[in-house]
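Paired with subunit B in one complex and with subunit C in the other, subunit A is shared by the two complexes that follow.
Right after this comes the complex of A and B.
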């Protein structure tokens, strides 16, 4: 993605967080408004694509599971698209997406759900980077017979 | 060769399944394996099953491994069967491997390169000695850490690209034509690279490894360098029609290999380095390297090279690379082939008899003795007796009933 909108950013964070973490953060919101499913959580596949040499011709690499869900919450429509097969994950992502589009909810949901989740993702990523960095190697070429 | 339908044996089949389940579980005093244990502690097996099962889902792959009693080809089959039950909802944007959060990144063509060489978690520099400490449980390990502020690194072979020393890999995808899809189209030769790469990405690791090795030993000229090997997480992005903008749905782990091969040039092409490409789900380095070598070998025609080894023969490679198909055809030999075999049995008996008669004839002609006419008819009676003894008639009836 070249330029990410605010909505794309929160949808990404919701997709990449574990359902356990989302559930815990959503609970801090207290009682949620009623919502209905415009599309009940549905499991399917996404065909993943790659490029020859990383930059060339597109090819089909293989599939991955995806779960999607659409909810109507108050007067907005929330969408959830998450890798894997957790229906609850897609539902929570859709609910949060719906709430985040509403003025009276967006601030709270950003602070109590999105930001903590983003911190968790970032911390995990940084730890993994530090672990990889610890294996950075400087090889010295030896002369033959040395 | 055809197999026949049979009926009966339900109880034996049920019992065989129950026996399998019990044996798979093993001693009840030993705790049962959890999917989480398989996912974390047998992660490389999970990766192989996802890559060759052509379905990225760690939980399903772990379940398949548990169900298949550790038989990875069987687990791959289970995953392939499962995927057919789900609708395909989206196609992703091509994965951007340059933006990969690298967990390992090495190049064997440049010692110093932007981003550096990062070994990651690897067996490469460890003695292959059994570690008996592992036999005991409750081991604790600590991963060292060093501060770093950047997870993405530029491609190692970009420097060759800037100098025009390597064949460039530009997007030649025709936007009107979707890339070839093995799961929906049947493969026919000659193939394009998109079809070959899809086939190789889900091909049997052992088969590709053997083929890659064969090119190195001289069956098809191919002297590869590992230009870059990178393992890490890439973002999966889709663009749902109902939204009209892109959304990231997950980060997945992939292994990417760029092989660099010398090329003397041809009438159309200048001398330059050429590329072989490998991309697989998960940390799957041996497979990705083999894939890259075989991808390059299969490009022989494109570069006007003589086809000298099996790895360059697309028909041979692509039609035999899939282990689900291969195991199915090899293992179907276990199904009843009674009628076919009966026919062959009769044929061999007949030929043997005829040969014996011929040699007897010769012998008798020499001795000036006539053969009795009945003797030459004997084999027909024998085959009738055989039909009854082997129950061929009954099978034929069963076949008709079905």
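Right after this comes the complex of A and C.
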């Protein structure tokens, strides 16, 4: 199952990164192999479901837009599922997923695309945390003198 | 196993044009209609049949595939249409047939109900290139959408025409058929009847 969780990790990073950042990192790879679309990028809706408090009854939270794409690149099949309506985002995610499954490409893509993107996501998250932290209000309960 | 064959080049326009051609084929029985969409079909399906499958099938349709159809066809249909497969002919909305000699009797397919006669199986039959020519044995058809009579442009076995007569007699129930050869479509709706010549 190690392989699967690895793949889940990079798919998550590709889905959560902005298309501008992915595009910039993919440029550093130089010339990419030719690829063709098995499923051209298409926009659709998916239903999000949740449980109140994580344990309650399942309810439909609402729908969100997703864009998906499947490419065939060097005999492997890459999938891209991303939130939003950017077709280019889905396409790049699918291409990266395809390349990451190949021995000769996986190391380079991991180093030049996935890791920088992960760093950006982490930095963003930490910054957000700091900003939230700064607005934290401590409430003290004063012991009333008798 | 995920398919390695793409679907339509231009999803929207190709499926719309194919749908129009399928409509025309069924409203003018016995005429030859050409599918203009381009695609690489998996082995076992000809171009017209593959285009019709991509156009007609979706998440809500139950599809019966004739046994021994190449496995890649099922993977391909599942990937591009998301349709569901059934093993029971009387549950199928569509049936894909590649070998007419071994197909089940027409009465084994879903016939529809008096309230919903449209809820019957539509057969998609790949007849191969050899049968795709009329000869002097080819029967004449009459019925809705046919001006007087028309020659059925493909050669079909007599056993089929016997079953077809029963299907015709059960109107308004009954099945409709599309025949596909290469990139051509011929419709045979339940309202068409072989004339006694």
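Assume the second predicted complex is superposed on the first by the 134 of 146 C-alpha atoms of A that agree within 3 Å, B and C clash if a C-alpha of one lies under 4 Å from a C-alpha of the other, contacts with A are read in each partner's own complex, and residues count from 1 in each chain.
As a working rule, a residue touches a chain if its C-beta (ideal position, glycine included) is under 8 Å from a C-beta of that chain, and two chains touch if they have at least 3 such contacts.
Remember, it's a predicted structure, so these values are computed and weren't measured experimentally.
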Subunit A residues touched - subunit C or subunit B, whichever exceeds: B
First, second, both or neither for A:36, with subunit B first and subunit C second: second
Partner chain(s) touched by A:72 [first = subunit B, second = subunit C, both, neither]: second
Contacts of A:103 with subunit B and subunit C, given as first, second, both or neither: neither
Partner chain in contact with A:129 - subunit B first, subunit C second, else both or neither: first
Intersection of subunit A interface sets (partners subunit B, subunit C): 42
In the complex, subunit A residues that touch subunit C: 36-40, 42, 72, 77
Touch list for subunit A against partner subunit B, complex: 1, 5, 7-8, 11-12, 15-16, 42-66, 68, 70, 79, 81-85, 125, 127-139, 141
Residues of subunit C touching subunit A in the complex: 2-7, 11, 79-80
Subunit A partner contacts - residues on subunit B that touch it in the complex: 50-51, 54-57, 59-60, 83, 86-95, 97-98, 101-104, 111, 116-121, 143-151, 155, 169-173, 179-183, 192-195, 197-198, 201-202, 236-238, 240, 242-243, 245-252, 256, 258, 275, 277, 279, 281
